[in-house]
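What follows is subunit A paired twice: with subunit B in the first complex and subunit C in the second.
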Partner chain A sequence: MNLALAQLTWRQHRAVLITGLAWTLLVSGCLLAISDTSSLAGPVETVTIGGPTVLTLLVGLFLAAPLLPREYEQGTYVFAWSQDVTASRWLRLKVGYLLSAVLLMSVLISALHDLRASPVSHPFSMPMFEGFAPVQVAYVAFAFALGLALGALTRRTLLAMGLTLVGFLVVRAFVAAVCRRFYLPPLHAANLEVMPRDSTAVGIQFGAGPHGIAGVDYQPNDRVPSFQWIETGLFLTLAAGLLVLAWWLVRRREVR
Partner chain B sequence: MLWLTWRQHRVAVIGTALGFLALSIYLLNCSGQVGEVVDSCAQHDCQAGPGFALTELLATLRSVLWVIAPGLAALIGVFWGAPLVAREFEQRTHQFAWTQDRSATRWLGAKTAWLGGAAVLLTGLTGLAAQPLLHRLDQVDAGGSGLHPAPTAWAQMLVALAVFGFALGVAAGALVRRTLPAMAITAVGFLGAYAATMRLRLSWLPPERHLFSPATAAPDLAVLPRGSEVVETGYLDAAGTPKRLTEVCFYSAAPEDCLPQHGIPHSYVDYQPPDRVLLVELVGAGVLLVLAAGLFALAWYLVRRSVQVG
Partner chain C sequence: MGDQAEDLLAGSSISAEDLLAGSSTSTAVTVERLAKRYRGGVWALDDCTLSVPSGRVAALVGMNGAGKTTLLSIMAGLLRPTSGEVRLREGGERVSLVAQDRPLYRSFTPAEMLMAGRQLNEVWDQERAVRWLRRFDIPLDRPCGKLSGGQQAQVSFAVALGARPSLLLLDEPLANLDPLARREVTRELLAEVVDGDMTVLMSTHVIAELVGVADYLLLLARGRLLLDGDVDELLAAHRHYSGPRAQAPLLFGEVVQAKHVGSTSTYLVRADPEHPPVVEEPWTVRPATLEDLVVAHLESSRAVAA
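Let's look at the complex of A and B:
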């Protein structure tokens, strides 16, 4: 703990941190206020999907992406990193404070989200799959690390923000649409009638057979929890890699 | 001035243009796919019509037309509009930019004209690229099946949204004079305006109502005049009070039996008839443009005042 740096971090980022906290409290309040989720399926779904997503984008775009470019653009890195803390230590401590703050917000918002998520939806996609608290926390960590790394790479605020937005959405969409269904090898059935009831088809082979279907690949729905943990692990690994990249980029340019 | 505008904003302009280019290519490609299905359904008898064969594509198109395209328009406001004035204040370059051979208001006028023109051009071209698809979807929607995933005036709405977002960004930047807060305000404001537009765009003029008795959970929209736009569907109890399906029979496997048991004799569909749809939607887009003009005027006033004071 470095008190001076903690104070500086707070002063530089309080606008975003207060906005994030206010948003977290607002969404949590809404979720707590709704007692009967079945009668309000539409609004609940809007809040449960929109709440964590807005927090994630706020963290990636407005907290992490400008973090390093601001120092470079304003020339303040010369002062920040040549005094009693080195650049890499400055970055480590700052990332530590900010990341723990936003992860706490994310835990709060998504834990309530878990309790309130509506049961009527597709088990392998929004909002059921992604509403799971650890998955949401991993998304926030990933968005933060992506913003930080792109900021270290481009050293320009607006460019880093734009790239973070595009990068985050593309990776999320790609994982959800292409990778997720193959986390574990799918099981195979001859056609849709033979497929067990509590399962989700992930691929259909057309050919000779009833209704022109030669075979169905499916994932049993009881695999959802393990898939959610796999996705959590995947995004946490990506986040760790990006944090190391940012740290390495900053250290390389350290003012010695 | 064009050169300066291009130098300062080229990364944002190129990035957004690439997004709109990708969207246009996708929409043209979809038009081909929809066309194939419509044509083959005209030759061979499709079991449940082309709309059924295209269920998955129509769901994707709905999110592309309603979420991704307006999202790109929002980027124009956030990344072109918000930094336009704010960045000059933040980097103190407004003192140079506005005291040379050009007055501050002429500087602002030229920049907003070039960038606003580029925004209209980009969204307009995307709207043109969407026309074949929208025309094809009209054919899929034969008989007002309610499958049409886009409003009639989709292209005009997209252009109006982009202009509105850009004006909002410029005004927010002139007001708070700091880039990041201006960007955040623009994003939130755009989202609010878009949500309000979507909610009010069809219902500001009282819609017509078609009653179904007995109540049905799956209203046959083919009874509406072809080309109508559905505003809302709902249920009425015996006293005529509107009810939602989720309040009474949401989890019921057979809502047709459940509804009369709960005293719901009627269901309704509110719709705008075809001869009104285009007018109603164009007025919605027009309101956005009027708001945009107001925001441009606000930005102009703020910049002029800042020069006079200091």
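Let's look at the complex of A and C:
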């Protein structure tokens, strides 16, 4: 039992793993084929922009969300969890293999994306902010953990997949739109004219002043790397919490 | 004598001794005051105390809803009891369960199911598992989802036996097998018991399936043990007495069931097999079958409960 459960894990999830790998290679090829990285129009470029996101959703919806519900729905947990390997060890091993595999794919795809495609746009939002490779990898970990935990909670494949899709998009949008600009306390300027050039306004107070503006909150653009690491940490923390939740839900059923 | 012992003393000297002596080597598994309440308030098991002697083929008999599947699931470590405990033989018991609905990975071939069994177990006997599949002509390379119900059952047996259990739990093992396969499966299972120092506990509600297979009986009703004991001893102890219609029961032994039809009264009596009650004309005696005594005990317990 050197690589315990490796063969079984591969047999059960090979279809999704092969699909993920094929997508990773396709997107990587496209990224390497791009000659003009400043223009991102055309089908090849569309694939490269969507590349990391499609991988993330594939992992969350088709790999992690059905992992536990399929065992419950087909009754195979009765078989899988009544052998020598305990249910919680079964889960730890499977998650270990699958998460390693998809994180490797994600590292490849997002590192290439980060290097090759460099869109010039608003530094704190799509697609520039999220183009940072560690952020993308953290999204994949989060999508996996979210799918797994929702599967453990609902025990229904389709329901878990649907909730994972909605949950992932809502959390991502909420963090991007609401939380991100306050990772560090914003700086303040009297109006837009005196705000430093390389900064992004994150809040405007209206009142007595030029153009009816009484003050501006802004984040200097040189904070972007710190913010990207903070977002990476945030999603990795969420992922860890969800993995522990899924593990606890399975472990709770163990008797011996 | 405590409640537990009284509950258990439904007839078997073996299990009563085991209980009083604590864990004995002759007992594969003992459950004590086991209760399981499902969501919705249904008590599947209610203060259930019993033990299974090792090296035997024990039958767990009861009507639908008696708690058989719940008991097996708890013994297999799949369900947590609401209260009570399961004690396995000292030194541990390797427990395998063949569940009622024969869960298999539908896209896996039987060969891949054996791979899964090998990966999930620390002890694995590939040869034993393959031998079982070959004996019953199960194709090794067809997805389990495309096999017949009987073939799927054989795959489940093979995986369970491959794990080299010392305690094999079978939930309705002979359902969806044709009569011929049934006979062969029971014969092969008995051979495995003899070869492999194994205890088998099989549940069923079809008593006819047990004849010639089980040598120990555990009768479950409404989540409790109603009767247990060696099948031969139970058969020797139970007799039908028929005679002219009488209101007063016979004086010797325990009357399990009394029936009065027309001018005839029939009593099923349980007595010391060494000294069976002797009756005179016009009373007649005939032996009871396993089915007779199981049905009689179930009916009389229902009458008491009602």
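Throughout what follows, the second predicted complex is superposed on the first by the 240 of 256 C-alpha atoms of A that agree within 3 Å, B and C clash if a C-alpha of one lies under 4 Å from a C-alpha of the other, contacts with A are read in each partner's own complex, and residues count from 1 in each chain.
Definition applied: a contact is a pair of C-beta atoms (placed from the backbone, for glycine too) under 8 Å apart; a residue touches a chain by one contact, two chains touch by 3 or more.
It should be emphasised that the depicted structure is a prediction, and the values quoted were computed from it without experimental measurement.
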* Once the shared chain is lined up, is A:Gly162 touching subunit B (first), subunit C (second), both, or neither of them? -> first
* To do: Scan A:Val85 for contacts with subunit B and subunit C and give back first, second, both or neither.
  => second
* Partner chain in contact with A:Ser226 - subunit B first, subunit C second, else both or neither -> neither
* Looking at the overlay, does A:Thr76 come into contact with subunit B only (first), subunit C only (second), both, or neither? -> second
* Asked: Of subunit B and subunit C, which one contacts the greater number of residues in subunit A?
  -> C
* Considering only touches as defined above, state whether A:Phe62 meets subunit B (first), subunit C (second), both or neither. => first
* Flag every residue of subunit A that touches subunit B in the complex, lowest number first. => 15, 19, 38-42, 62, 66, 157-159, 161-162, 165-166
* subunit A-touching residues of subunit B, taken from the complex the two chains share -> 11-12, 15, 75, 79, 83, 179-181, 183-184, 246-247, 250-251
* Asked: How about subunit A: which of its residues touch subunit C in the complex?
  -> 1, 4-8, 11-12, 74-85, 90, 253-256
* Structure fact -> So, in the complex, the side of subunit C touching subunit A is made of residues 73-74, 76-81, 95-97, 99, 101, 103-106, 108, 112, 115-117, 119-123, 156, 159, 163
